[in-house]
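What follows is a set of structures to go through.
Note that chain A is present in both complexes that follow, paired respectively with chain B and with chain C.
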Partner chain A sequence: MNRAAAIAAFTLLAAVAGAQDRPGVGPERPFQLAPRVEKTLANGLRVVVTRQTAVPKVTVTLTILSGFSSDPPDLTGLAQMAADIVQEGTRTRNSRQIRRQAFAMGGSLTAGVSQDFSSLSTRGLSEYAAQLIDLVGDVAMNPTLPEDELAILRQQHLQTVSRQKSSPQFLSNRQFRRAVFGEHPYARTSETEASLGAIDRAKIEAFHRAHYRPNNAILLVVGDVEPNAIAAAAEKTFGAWTKGDAPRPSFAAPPSLVGRKVYFVQRPNSIQSSISIGNLAPKRSDPRWFELTVANTIFGGAFNSRIVRNIREEKGYTYSPGSAMTGFADAGFYRFSADVRNEVTGPTIAEVFKEIDLMRARGAEGAELQGAKTYLRGVFPIQTSTQGGLATLLNTMYVFGLPKDYPETYREKIAAVTQEQVKKASETIFGSDNSVIAIVGDWSKVKDQLSSLNEITFVDVDGKPTPAPQ
Partner chain B sequence: MPQPRATCRFAVALGLVATFAAAVPAADTFSVPVVYRKLPNGLRVVVSENHAAPVVVVEVMYRIGFRIEPRNRTGFAHLFEHLMFQGSEHVGKFEHVRIVNENGGVLNGSTRFDHTNYFEVMPSNALELAMWLEADRMRSLKLTPENLQNQKDVVSEEVRVNVLNQPYGAFEWLGLPQKANTNWYNAHNFYGDLSDIQAATLEDVKQFFDTYYAPNNAVLVVGGDTTPDEVMKLAEKHFGAIPQRQVPARPDIKEPPQTAEKTFSESDKLARTPAVAFGYHLPERMTKDFFALTLLDPLLVSDESAKMYQALVKENQIASNVTGGFNYGLGNNFDYNGPMLYTFRVDYRPDVKGDDVLKVVDKVINAVQEHGVTDEELKQAKVNFRSSFLDTLEGGFGRSDLLAALALYDDNPNRINTILAELEKVTAADVQQAAKKYLVPANRTSIDRRPAGGAQ
Partner chain C sequence: MRRTTLDNGLTVLIQEEHTAPLASVWCWYRVGSKDERPGLTGVSHWCEHMNFKGTENIPRDQVKGIIEEYGGSWNGYTWIDQTTYLETATRDALDRMLFIESERMARCLYHPDDVESERTVIISELQGGENDPDQLLDQELTATAFKAHTYRHPTIGWLSDLKTMTRDDLYGYYRRYYVPNNATLVIVGDVDTDAALARVERHFGAITPGTAPARARTPEPEQTGERRLAIRKEGTTAYLKVGYHAPSATDVDFYPLLILDAVLTGAKGLNLWSSFRVPPPQRSARLYRALVERGLASAVYGSLLPTEDPFLYTISATATERTPLAAVEAALVEELDRASHDGITEAELKKAKAQLRARMVFDTDSVTNIAHQLGYFETIGSVDLFVDAPARIAAVSADAVAGAARRVFAQSNRTIGWFDPLPAA
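And now, the complex of A and B:
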């Protein structure tokens, strides 16, 4: 702030006495998650129950340990379609009955599919816990996969695909992931018109038969429930489900990244550039996850991070900058993302690499490092204080095979991260010279700022290479 | 929130930052502990004790929203929200954020029709620190021209990313109120024209702060791992000496009754598929008809079970997605205090027309008007609403925000424990009557939004 500005500044201040010294923070109070009750049925289904009584509700999630990465390459979206259509009819309930029954118990039934898993979830009043488990079990085990419902779903998904192509954030992420993962199945993030056309009932039926098996699944129940009663309900619902050997996905090696690979998706009339920058990262179960998380928090993973302070609070380039590490079963990725006005597209990229290089060269120390660790330790009880938040944590734990004491030791492991580890972690996750840059925007408005970047690959909204736009 | 479908999707709107994130009560006796006091300077204080986790929520909600922001300064209430993070007497620019994060907490602020809120979720050992931070900026605000310009730029980028560079341009929650309403207060662009945002001056900021950011125009809510005694002592200590100020009478925000249907069509350069949004003016909040429609809402548009979805997606197969709710995209049924719309958005097939969608909508609504809902449906709606409401009460920000709104608008945060009983009284005849009165074309405004170059 220069002198003139300091003089022009004003202070609105009522002349009052009051406690104006900044108060300290008291000793940390103990935090303990409720115990988990774990049981494996004879057919291999793992059942995990945690009693969490903040409100008389319950979250029931059946997670199948197969997701996008189990889709054959030309059938991207098969796992998603399977998870959607199982909710559209069973041997004893039609689509409408399934929905009405969930509604009447205070919930909805939803499917969530990720790279390594497919979840069927519902959340309702805890007095209906056994019935909610029965409903989830019925759709998972006894779906009829009706053709007429499939036709409706296919139309819905086709329109979603079309809508996605108009979202710059979606396109930026998709192009980024394709470039980072190449032939690895994690490159596939969404359906296409072609894959939707190729997914038919027979393929869904085969997928369901192969993957929806008790020994390839976990039932998570979190809520105001009695664990023994839930275990009994799970046995009653799922006891007769027959096991099978679900095929595991085959993982091609992701491409080794050399140099800065730049992709530009032309979006006429864009008034901002949607930028992704990043590279491969370790898988979720990597023991270095704690120090990687601390490094990312300092860089761009918290509101009070270097990226936000720089390109938002100092320069005003963007509203929503940030970075995240995402870990899957076989690999992970690190991604910075922001939407910036056209005029500062080049300068934003330069600032991001400046911050990356600084993290790689010097890591972080002192109050900044301590603050990031306190932040992560403090946020953990906040995230797990709701039933849904706790269920999400447990799902991550069981899907990726994290240690059984992961929630109980998380905070001490964060506290133990050292300055040296953060420096090393920075070198691991921030690629700098070897990075993928994906930009979605209007080329004619930003091209002059991008001349210093390496050769740029232009792609259309479907990801197909195109000549440079005019 | 009672409408997770709306709040999850648009949680980013008009906020400071885009993302963040016991006892065993029997089902029928669940209640939220509430202690309510007023300090001599008029500050309302609500405490809701809950020791399930070593976490506290500190929220200050001011009774100034975008509805009554200055006429030549659209978007100003929201810009001002950002400025509250730029420094106060003892806290430097962005230090508020640094202090909260470095002590293990998260924070945000948001601007809504009738209020602006600020909150911290912290480890409970940092309770006093969070209260001190809120008190310091209620008592004083420090702003340089550079910091004002910086936040004008940040907010302009926010409007671009959430509106101007997005397909559909937020037409269902930002555009529709501008078309449906006629009183400027309800009908202006509350995210702001970029030129108005850039025109804001330090003098505007000073005047707005002096006018509205007074303790007697606010409520402090503290929830979580603390006690009423501790909170009241700290509230006295940190907020007690902030002087009361005269707050101007609220302007007339009444909306004259709509007498004929309004339809608009818009062309969208960025969208690839069409969508239609429509909204009905709602009865006054907390009235008999309001409660009746509150229970019809989940039956009409909660999820795949609902009548609109079943008719549009399943039976007629002309739409791919249906969403809707009261205070859509910005809040829930209770956290506003003025004219409000009941809004729907339908994403539909490119080869049909928006009118075809509205015809099916009218059939669904006509059936409710003619035959009502069954007792069984109403019973299920009550269960479903109660379940959603419990999610709001579960803890953290949802509970504190509702308590704040009920204190600010109803002077009765304890109402959090009686809303369900009021809904219990609603009969099927009440629902039918409210649908007949309010869900009529003459009370409706719609915007049909189609891709500029045709669907692709």
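And now, the complex of A and C:
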């Protein structure tokens, strides 16, 4: 999409009173997923299968319950490199054969790594479900970790590190996360030249041996498939995989945040400022997640939220404001982000804190609460109508240990959120006096607007403290 | 899929898909940045923004909320040939989605205050793009490759025009192009075709047609020599882009070139709306092997999209650290020369076709994506181009690919762009 210009960078919400002449919408329809078949193999591998027959294809995901947070502090990127390199050769297939077989089944094979997990995912025509499971199993269990492919991967990752340093959005988020999480592994958002230099085949092999174990994994299969046949295929592929005790990450306590901590990354001649504002939030499995989601939806998690209405629709400061809550296994964070014109950098920060203070003081007002709840209830069936969307939801459920009836009860739990809960949730997630502000921009163009902020810490593109730019 | 034309000229495409209780509505206008004249670059996209800013029957602060208040998703985009708006929601909201689109077609307000607030939002959007070296290079390469055709200016417009355009410029443009005889309405989902068509008639039937907009365009003359540009600006990464004037969607060379792109950089399919979601399979693609496996580039990507007039086939590469752009360029050009001399093998042809077929299944995995494809192709030519695409791909021979490679990859037909980063001061 980078060629075409879209109205909204992301698709969001609203909450408004009714107008005249507007056709009504019928009552909400019941939402029911096909029953999930869940089985645990003798070696501890959990297998979850859901039928979804919209298209004749299947998505197979093997999730290893170890991700970025299992990287040793000086080896950031180890989990990612492991997930990438296992696809590049097994004892019986070389890199090209792996791709060719995936293509021949109408599909693809990709790796995705997050803070708490690593996923190997393949999709293809459903008639090949058993073979796709076999392919994923082979790369997970029998990788050869070839040195020549590792050299290419390292080069690609080094390039990514270099490119990230010219991305203001990346730098803003990275500085923000470092400030919020401190020594906690969730502070780490990317590899560095040093960590990539230190990750060698032996370290990847050790990581793989420790973490790629059946009792540290979940196999999720969504598609036009027969669940019992899939369970049998999983047993055949994974039955002989030996279990092991994967080490759990150690989570240092995040720093306690007192006052507004301001960071500035100098980017000479930047024509915009990339701003992040936020703080710590509860972990994904926190039972308050529903009210926190509703509060964030009203605040900045949707198009007709207060933040977007204020700084985009009314003031025209920026194209891309918004806020999001992200929950991981051990903690979470809330972050407002926007790229704004240099000349409105200071005013944007002031408006965000004005909206934060209003949310904290008064919570939802008027029809906002009802609007946000109806929106969240309505988009849920759209998000889960595609195989990819459903697979993502199931992965979230099983990784974070959400209740088994999470999809079926999501909408009623959103509906039950009260005005008081939203106010309390706002006080919980939107820090005002205690928060992190990370700005990436050209200091000479914006410094006059930032004079009201407390002491500012200047850092370079590598995150190291520097003196204030001239 | 049923195609109907209302008396006022509105084209309606309806396809029933009963896999989930959802419906997607897209309203397409045959107007994009290629229809803009000097002084008004960016007007199509700005109109798109204004068309979310209030109508006679939907107050200005509610156009974006009216679909979301019961949990629908919406968006819109503008590109060189088209402007489009979409809603996807429960099928029970079909009436409301059609109501919104009928309001947007005939009754937008263009309040002067909203024109001013959107001016700065769009300038911020433009600056976000220029802040990204890859997008900046893409914009400058396109502007260099075209000297006559209006594909040369960016969809977002030039900053000077965005600063000076008036409310009347915008409103006049809106009234000229937003008429039923210049639009296509697409509905895909859990609907009954006859009932849906009756609702379309109720919401749109009374909108009066306009004069068919004039379409005066200068065709791009044949390029007579290689063009080059080099951007030197703060950055950390060097980028190379090579653009060739490419066949339009209706040209016999289009599908052969699409297959050639799959061989060179991996199959992408044909969906502008969803193509960014999943990277193409490219480990065995020729340029991946020539550039990435050899350590010259960390990434390479090809882009060919169906367009109404001949646009560009662009290949982009990200140089690895310390590799001079000239070395990346030489290796890339050598591969393209090889393709134009020797064509592709039967095995490559077969594999590229299989990859494209698979991508096209994934390109149409939701009611939203199917509706996008129907409307996109109808707007740039005809929906038949989409319906016939699988057969046209199947019919491509290795000779046809070789012929397309010879015609497209001529040295005189290309523009080469470098982004050469300056270390931060």
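To be clear about the criterion, the second predicted complex is superposed on the first by the 448 of 470 C-alpha atoms of A that agree within 3 Å, B and C clash if a C-alpha of one lies under 4 Å from a C-alpha of the other, contacts with A are read in each partner's own complex, and residues count from 1 in each chain.
Going forward, a contact is a pair of C-beta atoms (placed from the backbone, for glycine too) under 8 Å apart; a residue touches a chain by one contact, two chains touch by 3 or more.
It should be emphasised that the depicted structure is a prediction, and the values quoted were computed from it without experimental measurement.
Student: Once chain A from each complex is brought into register, does chain C clash with chain B or fit beside it?
Tutor: clash
Student: Answer with first, second, both or neither: which of chain B and chain C does A:P72 touch in the superposed model?
Tutor: neither
Student: With both complexes superposed on chain A, which partner does A:G44 reach: first (chain B), second (chain C), both or neither?
Tutor: In the superposed model, A:G44 contacts neither chain B nor chain C.
Student: Using the superposition on chain A described above, determine whether A:S126 touches chain B (first), chain C (second), both, or neither.
Tutor: After superposition on chain A, A:S126 lies in contact with chain B alone.
Student: Touching A:G244, do we find chain B (first), chain C (second), both, or neither?
Tutor: neither
Student: Is A:G322 contacted by the first partner chain B, the second partner chain C, both or neither?
Tutor: After superposition on chain A, A:G322 lies in contact with chain B alone.
Student: Quick one: is A:D224 in contact with chain B, with chain C, with both, or with neither? Answer first, second, both or neither.
Tutor: Touch status of A:D224: first partner only.
Student: Counting only touches as set out at the top, which of chain B and chain C does A:P146 meet: first, second, both, neither?
Tutor: neither
Student: What residues on chain A does chain C touch that chain B touches too?
Tutor: 1, 5-6, 8, 11-14, 16, 19-20, 22-29, 53-55, 57, 95-96, 99-100, 102-104, 106-108, 123-125, 152, 155-156, 159-160, 162-163, 165-168, 269-272, 302-304, 309, 312-320, 339-341, 371, 374-375, 377-379, 381-382, 385-387
Student: For a test of understanding, state which residues of chain A touch chain B in their complex under the given definition.
Tutor: 1, 5-6, 8-14, 16-20, 22-31, 53-57, 95-96, 99-100, 102-108, 123-127, 152, 155-156, 159-160, 162-163, 165-168, 224, 269-272, 302-304, 309, 312-320, 322, 339-341, 367, 370-372, 374-375, 377-379, 381-387
Student: Show which residues of chain A lie in contact with chain C when the two form their complex.
Tutor: Residues 1-8, 11-16, 19-29, 53-55, 57, 95-96, 99-100, 102-104, 106-108, 110, 123-125, 151-152, 155-156, 158-160, 162-163, 165-168, 267-272, 302-304, 309, 312-320, 339-341, 371, 374-382, 385-388, 461.
Student: For chain B, which residues count as touching chain A in their complex?
Tutor: 12, 17-27, 30, 50, 52-55, 89-90, 93-94, 97-98, 100-107, 121-126, 128-129, 132, 135-136, 139-146, 149-158, 160-161, 164-167, 202, 206, 209-210, 225, 237-238, 240-243, 269-273, 298, 302-306, 310, 313-314, 317, 320-321, 347, 349, 380, 383-384, 386-388, 390-391, 393-396, 455-456
Student: Within the complex, which stretch of chain C touches chain A?
Tutor: Listed in rising order, the residues of chain C that touch chain A are 19-22, 45, 48-49, 52, 57-59, 61-62, 64-79, 88-90, 92-93, 95-96, 98-99, 116-125, 127-128, 130-135, 138, 155-156, 233-237, 272-273, 276, 278-279, 281, 283-284, 292-293, 295, 298-299, 303, 305, 318, 320-321, 351, 354-355, 357-358, 361-362, 365-367, 421, 424-425.
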